[in-house]
Each structure stands twice: as C-alpha cells, then as structure tokens.
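Some notes on the structure that comes next.
Order as written gives the chain letters A, B, C and D; numbering starts at 1 within each chain.
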Amino acid sequence: MKKRSQWPKLVLLFVAMALVAAACGGDDDAGAGGDTTTTAAAAPAATTTATTEAAPATTMAPEPTTTTAVEMQPCVASIGFIGPITGPVAFIGEVQLNWMQYAVDVFNEELSIDISIVEGDNQFDTAQSATLAAQFVDNADMVAAVGPAGSDNVDAAGAVFEDLDSDFSFVSPSSTRVGIAATYTGMFRTVPTDAEQGPTTADYMIAQGASKVFLIDDQSSYSTGLADSTTAALEAGGVEVVTESVSQDVTDFSALVSTIPDDADFVYLPWQVAANGQIFANQMAEQGKTIRIFGSDGMDSEDFTAAGSLVATFAPDIAGVAGSADLLAGFLAEYESTNTFGPPVFVAAQVIIEATYRVCMTGATPDRASVQAEIRNTDLADSILGSPVSFTSDGDLAGGQFFISEIQEDGTKKIAG
Amino acid sequence: MEFFLQQTVNGLTLGSVYALLALGYSMVYGILKLLNFAHGEVYMFGAFAGYGVLTVLGGASAPLVPIWLMILLMFLAAIVVSSTIGVTLERFAYRPLRNSTRIAPLISAVGASFFLQAAALLLFTANSRTYDAPKLIAIQTGIPIGPIRVWMVRVLVIVTSFTLMILLTLWVNRTRTGKAVRAVSYDREAAAMMGIDVDKVIVVTFLIGSALAGVGGVMVGLVFGRVFHLMGFVAGLKAFTAAVVGGIGSIPGAMFGGLLIGFAEAYTTGYLSSTFQNLIVFGLLIVVLLVRPRGLFGRQELVKV
Amino acid sequence: MSQIGVDQWVEQSDERRDRYSGWTAPARRAFDKLPTGWKLAVLLGAVAVYPLLVPQGEIRIGITVLLLAMLALGLNVVVGWAGLLDLGFVAFYGFGAYFYAIVASDQLPAHWPTWIAIPIIVAASALLGALLSLPSRRLVGDYLAIMTLFFAQIFVELVRNFGRLPFVSEDLDLTGGPNGIPGVEAWDLFGFQINSFKRHYYLLLILTVVLIAGLHNLNASRTGRAWRALREDTLAAEHMTTPVNKLKLLAFVVGAAIAGLAGSIFAAVQVGVFPNNFALPFLITIYAAVILGGSGSISGVVLGAVAIGYIPDA
Amino acid sequence: MSDEMSDSAALLTLSDINTFYGQIHILQDISMEIRIGELVCLLGGNASGKSTTLKTILGIVSPRSGTIEFDGADVTEKSTSFRIAQGMAIVPENRRLFAPMTVLENLEMGAYLRDDDHSEDLEQVYQLFPLLADRKGQLAGTLSGGEQQMVAMGRALMSRPKLLLMDEPSMGLAPILVEQSFEIIQQVHEAGVSILVVEQNANMALSIADHGYVLATGRIVLADTAEVLTEHEGLKKAYLGR
C-alpha cells in the first residue's frame, strides 16, 4: 500500500487557509455558500451629536412629518445586499458594499431609525445569487434588498424572488439590460437602462459628425447589451459601425489597437473594467493612434484618465451637485476610493430606507408588501446623482438620462453634452 | 507590411512574457511531474512587489531615484518576493505530498492558487493598480524599426526576456547545478544514486522558475499596466498552454511555445478577430497535441513494463 | 507475517477500516458499525424529512448539495474508478444545462416535452463524452488532463460567443451569449410540474439514490473490476487483454451522461443558464468533493459533496 | 552465517537489517559483510530482495531496524549523498543513464559530489573504455546496450569509489557483452576497488567473486566463499542450471 494517510489533511488545511483568507477579504464578509452575517447598525442619532457638523445635506431626506415622532416605536428593519464582494469583479462589490454601509449609517443617524445590513457575497456567480435570494426571503426581518449587479445575476435572483415572495423588493444599482425590470414584480433599479445610454452616446457621436465608429465590447452581459443598443442607434443615424470583442481577462490590447481603422471617428468601449480602458488608451498612444475613445459609464472612473476621451455618466458631475459634494467627501473620508458603481447603491439603499421610514411614520410595522408599495411611490426631488428619482410601473428609473463628459488634462471631467 | 511588423512586435512582447512564465511551469513539471497551478499567482505577487517598490519610491510621475535604478529595484523586489513564495510552496504544499498519489499535489496546487488569490485580495484589495509606465518612460521614446516605432519599455521587455532565456539555457547546459537539474528531471532516483541532493535541486528549480515569473510580472506591469489579484489565472493558463505546446518539461520547448502563443494571439487578433483569440489558441493546442502527443519539443518517454 | 490458517481478509478488516482516506473517514468508520438495514433507514429518513423542517434557503442549499453529489458520483467514475484525469468534466454539465435551456424555453423557441428532452440530452452528453475520449487513446496522464481542460475552456468560450461564430447567422444565437438563457421551464413529468424547491429536492434525491444503486452494481461488476485494473496499471491491464480503449470510452460516457442529466436539472432549478456557471472554479469544487470524500468510494464522494456544499467558498 | 576470518578489515557491514514497504516485510534480518578489496556477489531470483538490499545500503530506502557500517562509521541514519561522498558508487539496474545528456555529462554527474578537478579520473575512464572518448559528445540514449554499460561503469568510477555496487550488470545484454562486462568488473576489482555484484546470473557472478550470499524471499539462505557456493548442490539445482 502506498502511504495515503496524510495528504487529505494537507489538502483540507489548504482549503481551510483559503477559506480563512477569503472570509477576511470583505469587512464582515459572508460566505458564498449563502451564509449571511448581520452588520450591526449605527448608533441612534441622539448620542452622536458630535458628528452633526459633517452630517450630509438634509435636503435630500424627507422632512419628518411631525415632531412627536419621539413617541413612536423605533423603526427597525434589515436590508439585504447581494453583490460580488469577492471573485473576479470584487472591485465592484467592495465599493458597492461600502456605499451601502455608508447610506445606512447616514440615514440611521439622520432619521433616527435602526436599519441593519445583511451582506451576501455572490462572487458574481448566478447560482450563489439564487441561494442568497432564497435565504433573504427566509429572513423575516428583511424588508427588501439592494442588488444584485449584472443582469444575469438579476435573472437568477429574480426568478427566486418571483417564485417565493413577489412582495420582496430588490433594487439593482447596476443592471441596465432593457426590459428586465418588467419581468420581475419586485425589481426596481436606480440606473438608467441601455435604452437611454445607447442613444445618448450615439446621438453625441452623430452630432460630432461621426461616420465610422470602432466598437469593442468586453464579452460581459453589461457590455453586449450596451453595444447592441448603441450600434442600433448609430446605424439608424447612418454611421458605419465596425465591431470587435475582447475578453475582460485580456490585458494586452496592442494587437487589437493595431486593427483600429484610421478613418474611424471614435473608438467606443462599453467596458466594465476602467483600468483596461486605460491600458487601451496607452497602447493607442504608443502606436500613434489619435482617434478619440468614448467610454460607457463603466469607464467613468478614476482608473481611466486618458485626456481628451469621452465618457458617459449618470450625473453631470457628482462633485458639482449641491448636497452631493458633502456626501461624497464624507464617503471618501471613510473609504478612500470610489468608482462609478458606488453612488447608485447609495440611491438604492436610500429608496428602500425611506420607504421603510414612511411605513414606520404611518405607525405600522414595516413589512415587505408595505415597503414595496412605498418604494413604488418613491419621489425624490434630488439624489446624490444630481437628478430626481422615481420609478415607472415596470420599476425602471423614470426619466433616467445620461450626460457625456470629456476628460481634461488634469484628469477632471467636464460636461460635453 | 507596417501592419504585419506592428503585430509581430506585439506578438513578440506578449510571447516573451509567456515564455518566461512557461519556463517556470516547464521546469517544475520536468522535475516533479507536477502542474504547478499556483505559478500564475507567484507571477501576480511579483507584479505587486514591483508596484510596491514603484509606489514607495514616489510613483511613476515623481520617481525619487533614477529611472534605471527604479526599474532594477522593481525587478529585484519581484525576484525576492516571487522566489520566496515559490520555495515556500514547494516546502509546505508539495514536498509533503511527493510520494502520494499523482492527483494529491495537483489539488494542493489548486488550493495554494486559491489561497494566494485570496491573500492578494486581502492584502491589496480588489482594485486594479497601474504602473503608469508611460510616465516613467515616455511612450514616445522608442527605436524605429522600418515604418514603425517600438516603445523603449517593449524593447526592455523583449531584450530582458531573451537575455534571461539565454542565461538559463547556458546555466542548465554548462553548470554543475544546471546539469543536476536536468539529471533529476530525467531520472530522480538515478540522480540520487549519483549523490545529487534531490531536495536541494528541486528547491533551486522552484527558486529559478519563480524568479522568472516575478520578472515576468514586473514586465507585464511595465508594458501593459494593470496589476490585480486575479491576473495570475489567465496568464498562468496561457503560459501553461505554451509549455504544453512546446513539450512540457523541455526548456527550449517552453520558450518556443511562449513565443508561438504570443504570435498566435497577435496574428489572430490582427487578421481574424479578437473574439476568438482564446478559442484559436486553445484549438491550436489541441491540434498540436493530436499530431504530437508530447508537444513540439517533447521527448518520448521509454515505456517500462 | 501472518499465521497460517487465519483468514487474512477477516484479520485485517479493522485495518481496512483504518485505511479509509479523506476527511470523512472517522464518520464513515462509525457508520460502518451499524447494521446495513439501519444504515439505509437512518440516511434516507434524515435526508427525506430534511426539506420539511427547514426554510427555503436551506432547501436551495440542499439542492446545490444534491447536484454536487450527482456530479461527484459521475466524476468519481472517470477519476476515482478508471483513473482518468478528466478536467473537462464541467463542460458536460454545461452541455446538459444549455441543451435543456435551449429546448425548454423561448430561446428557439422549442418547448420539448420533458420525457423526450431528457433522454435525448443524456444520450447526447454520452456521445460527447465518447467523442472526447477518442483522443485519450493516444494521450496519457497529464496530457489527457490538459486536453480535457482546454475542452472545458473552449466550451465556455463557445457559449459566451456563440452568436458571433462565423457560420452562425445573427438570428440563431442559441446560447444567448454573455446574457445566458433566462426563463427556462420547469420539468414537466406528464403533467406533474417540478417547479418548487421542495419538488426539485425530491427529484434530485430520487435520482441520486437510483444513481448510487446503479453505480454500486456497476462497481461490483466485471466492468468495475476492469476499471480498477486500468487505474492501477494501464500497461499491465493491456497485457492481460483488457480492452483498455473500450473501458476508457465507457468511463467517459458514463461520467458525461450523469453530468448531462445533472445539468438539465440545474437549468430548471436556476430557471436559467449563464456561461459563468460552467467555468473552471466549479470544476474545482467538484474535484474537491471527490478528493475530500475519498476518491473511489461511492459513500465517500457523496459525503464529500455534502461537506463541500455546506462549506462556503470551497 | 559465515564468520570466516580474513586478513583485511570490513568495509561494509550490514547487521540484522529489516526493511518494509508499507506493510510488506521485504528484508528480514539481513546481515552481510564486504571486506576491503573483496568482490562479493549477492545472488537471488526475482523479487528476492536484491534491489532493496542495494537501496538500503545506499540509503534510498531506510531500514526499520538494524545498522549499516561503512568504512568504520555507522551510516544507518545518513543520507545517500553522505554515503556516496564517503566512497560508495553504484551502477544501477538497467544502467539508468541520463539519456538526453551527453556521455561526458553523464560521466560528470558521476563526480557530482567532488569539487576538485576530476580530469585525471576522466582520463582513467577513457583509458578503461577508449570508445567513450570518441563518443563523449553523443547523447547517452543513442548508444548501444554495451556502450551504455561502459558509460554506467565509467560514471560510477568517476567518484573514485571505495565500494562499487553493481545491480544486475548482465541484465539485458547479449551473452558476449555479458562476458565483456564481467571482464571489466574484474579489471576494476584488480585495480583495488571493492565490489558488490548483485546478480541473477549466478554462474557468471561466482566465477569472478571471492564471496557470495544467496537471498531468497528477503532472507539470506546461504553465505560462503565462491568456491564452496559453486559446488553447492542445492544452489546448482536452483540457480546454476546444472
């Protein structure tokens, strides 16, 4: 017999080490098998007056209806979060979770309520999203959830929510595929769909006199949806579109850069990973290609700073929006960096929290049905994105629009259209 | 012609990085018959080590030391970090399993790979980092080759890779330890019978293979820019393909395979489509294996009954 | 050594028990001491009442575990019994899942009855397994592993970019590209819809038990013994006139058929299929179940799947 | 066990060696001795434990009990490379040349543990096997069986060993080459090297040996001088085919 007694232990040890490391990856990361952990909510406002100076603008929160609110029973609920905290696009999930935590802290304090977060790490895996959705439905304290990111994960989780409890609301901060919100009763989203971004992008290019556009998608669900709607709008406007695609895993685009036709007016990159866009820009410069890059909202990030390039963005400029500047500064003071995937999470959390709050204000205990009804009634005059927030009957963001900004030499962005 | 030349340079850059990585795979496979799945993560840590040095010394836009010294220090740091990880892996993940079933070290390698990925996520977070090399060495500086101009960083990468490959070939063929590596990889027991300390030779192999991976990591950071915790997986897969196409275990095979994959990717993207870049590379591998089951440079092992 | 006259097999039975490999060895040793009838009763009883006692999320995990158990059983045939290092196994799972999703959704649109779709999917998966085993005639050991690994990679690349293939017209995007195929229909067994977590759980449980019984018999058969001979020493097996190629083919076929069946259930459970479901990390999960449980043993790999399914991140 | 006295001191002494592979008891209470300048042969059939004995002597396999003394020191716990540094060398079964390396490189591997200049030893090996000087640049795997045997012998001699271990030197060689091979062994022996030859070909081995041991199922069943063993009736029947 060969010796066989010791290796399984070692393998187990390694798996265990990997688990420990993975578990420490997120702040209070939940396991991917669907385990969830509850992060304690922030302390009530009365005891934290010291921070009121840094407190965010109150303009965005609904005015408390009456000063006798003190008499009411405390407003307690938990909200789920499904996002890729670890895995291939963990840079999205990390920022999203930070904004989620930030939103809960801000509103708990401002509204004197007690909302807690249940984190769910789906690792960008649809099977995990489905399991998390089922667990969220089981959690009686949970009124609604933020997430998931990515339209395929929305499909997986949405099917479960629809099947088990269509009163359960989930507000996606980054799913943009056209028509998906109509499929699931409980789905809302705080980002405009590809139906808005694609035509806005195309219109801008057409206005600039484009006759030929080189389009490269990154083979993700996000990217292909956007590529399709933009292509359709461009072709309708008589623009020739040359399409290519490249996997997100690739980090050398020089061969692809060489194939950019010299007579193209724009290179359109609807990419999820802004850092890849930066490499692409560098490699264009290296080969002396001067065609302008046009990035989607995924490229609206500090990772992409190629001067002269254009990016689509939800907001004219978050830092310039009155009220948002303070919130952004407050966030950065705590979490250092952000990207385009963050602020819509803040809005998603805000929508759910305020809906819950409004239910509490009527004297009722918040439950899923009442919270969903109040989410439908959402009517924010202003948001951190600098635009009003309300939903269509499908759950899509009403009147969502995109802006085009140009990246300046110093890395800042200036609205171009 | 200009287009072809440009794609050739692109392929050569990518191929020489793959070759450096493939060498580590091939050397370890040659000596232990082990697919070291964690090799890509060793390379990833090398890239992060280079990034660390760059950041500590002021970053690409405001370097505190001369550029040549900066790059030298980045390579040195990567070599130290990567070879330390490589040797540690050998000691704790593979050596205890050396006499067990074939599949056990393979699983251990996969576990080590996951572990290192998770550790990188914990240490460096999920954000992409960038070397911002164009600020270090301006993208306009380069040497003209016919109608095109090749960026200095690319020249550095290609020249360094080829120098290292030549040095490695000389080392393996001319030095006593190098010959011992070959002897152990051919017949471990017979080598032990000659008094060769097999454990030591294996450690040296991991040391060199991992150091090459570290150098490759810094090169990728310099020439392509993006450094992130999952970068090892795909690069590892490609390098591994390169090693297999060349004939895993063969040093010239790994170099040839790396360059072949680099060229295949560049020409596929240039003349066909980037969509099927991976499909074509993996398809190429399968064709090579079907025609030559042991790779282009692989040797036919004697069948013992 | 041993005394003459004492049956060595009997004498060493405790020793054999000690030789159980894998993480679950102590539990299996304890379990071995129960009488056989009791064993089955304890096990089946526990797993059968389980979904009645727990909330939906737990049943969903139970489904994941059972799917993983089926896959581990299939992989065990290829790796644990025949000793063929197949790293393309996950592609058969994906093939079954995509096949079912394509014929049971609005994708084509074709809405095949389940009783027609499933046998065809299982047969097609088996055929694909047979095709993949052809190159294994020439490849040994790690080269087989590499070849099959790239088969798995190519599968994911293909489903992710199917609509862009040069010979595919734009209207025939079978796989839905990166978006996958949402809205997959439930199994419908002559009017009985498998459309809840509980029903999926019981369907999987029944199939797993049938599978275990079938594999148990197969393992005890001549084929099972021949596989073990193949695993221990291919060359020697060849010299003893074992039809090596036929055995390899059979192992691949059985494994692929099981994976294809599991895939068709997965597509229905998830109500959709997406390319990332069949990427390399999931293959590693299946391997982990087989290895941790103790490759080669039916009860071992099932327990391995239970352990891995409940440990997050593994 | 033979306890004959001899003029020269013991070079290698095995005392009560027991070796296991897992549960299987391979070597049982092996005791044997090789004196300085002696040529000893170890005879036995397939699976009698010959190769394991050699591996135990070299330290590739460690015994569960018993001691091994070499050149006056206890080496039971020492590594293979230590023993080789102390003066053991082996010509392994099937020669085990490094096929993809040249003849010269193979010879150099034989002197791996020596840091000093070994050109002199190389000259001696070339003198013994002039053919190898012509073939030094050729890959060892491309040589004929007889030539490979020479490389293997030469490789072992490169370390200037006190004790040369030979594992089945006649295996796989044509009869004429077997004779040649044993002539070379004798030649090396006459040059003053102590040798242990492990063989199935008892006739050939006994014809050049001083002493012999016979191994069967892991035990030493006979031990005596070569003359006595050659005439031993049982051995004749079992091994010598007479």
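Note that in this section contacts are C-beta pairs under 8 Å (C-beta built on N, C-alpha and C of every residue); 3 or more make two chains touch, one makes a residue touch a chain.
Note that this is a predicted model, so its numbers are computed, not measured.
Novice: What is the set of chains touching both subunit A and subunit C?
Specialist: Chains that touch both subunit A and subunit C, as defined above, are B.
Novice: Farthest from subunit C by Cα centre, which chain is it? Let me know.
Specialist: Using the mean of the C-alpha atoms as each chain's centre, the farthest one from subunit C is D.
Novice: Please work out the Cα centroid separation of subunit A and subunit D, and write it as a whole number of Å.
Specialist: Each chain reduced to its C-alpha mean, subunit A and subunit D end up 74 Å apart.
Novice: CA centre of subunit B versus CA centre of subunit D: separation in Å?
Specialist: So the centre of subunit B lies 43 Å away from the centre of subunit D.
Novice: Just give me the whole-number Å value for how far the CA centre of subunit C lies from that of subunit D.
Specialist: The mean C-alpha positions of subunit C and subunit D differ by 52 Å.
Novice: How many Å are there between the centre of subunit B and the centre of subunit C, using C-alpha atoms for each centre?
Specialist: A distance of 34 Å separates the two centres.
Novice: Residues of subunit B that contact two or more other chains, please.
Specialist: Counting only residues that touch two or more other chains, subunit B contributes 104, 107, 114, 273, 275, 278.
Novice: Hey, what residues on subunit A touch two or more of the other chains?
Specialist: Residues 1-4, 11, 15, 18, 22, 86, 219, 245.
Novice: Can you tell me which residues of subunit C touch two or more of the remaining chains?
Specialist: Expected reply: 161, 164, 288, 291.
Novice: Mind listing the subunit A positions that touch subunit C in their complex?
Specialist: Against subunit C, subunit A makes touches at 1, 4-5, 8, 11-12, 15, 18-19, 22-23, 30-35, 86, 124-127, 130-131, 134-138, 151-152, 155-156, 159-160, 163-164, 177, 183, 219-221, 223-225, 245.
Novice: State the interface residues of subunit A toward subunit B in the complex, per the touch definition above.
Specialist: Interface residues on subunit A, with respect to subunit B: 2-4, 6-7, 10-11, 14-15, 17-18, 21-22, 24-25, 86, 88-91, 93-94, 216, 219, 244-247, 249-252, 254-256, 258-259, 273-276, 278-279, 282, 285-288, 303, 337.
Novice: How about subunit B: which of its residues touch subunit A in the complex?
Specialist: 3, 6-7, 10-11, 13-14, 93, 96-97, 99-101, 104, 107-108, 111-112, 114-115, 118-119, 121-122, 125-128, 130, 133-134, 139, 148-149, 151, 220, 223-226, 228-231, 233-234, 265-270, 273-275, 277-278
Novice: Okay, in this complex, where on subunit C does subunit A touch?
Specialist: Interface residues on subunit C, with respect to subunit A: 19, 21-23, 25, 55-61, 64, 160-161, 164, 177-180, 182-183, 195-197, 269-272, 274, 276-277, 288, 291-292, 294, 309-314.
Novice: Quick one: which bits of subunit B touch subunit D in the complex? Just the residue numbers, please.
Specialist: Touching subunit D from subunit B are residues 176, 179-180, 182-183, 186-187, 189-197, 299, 302.
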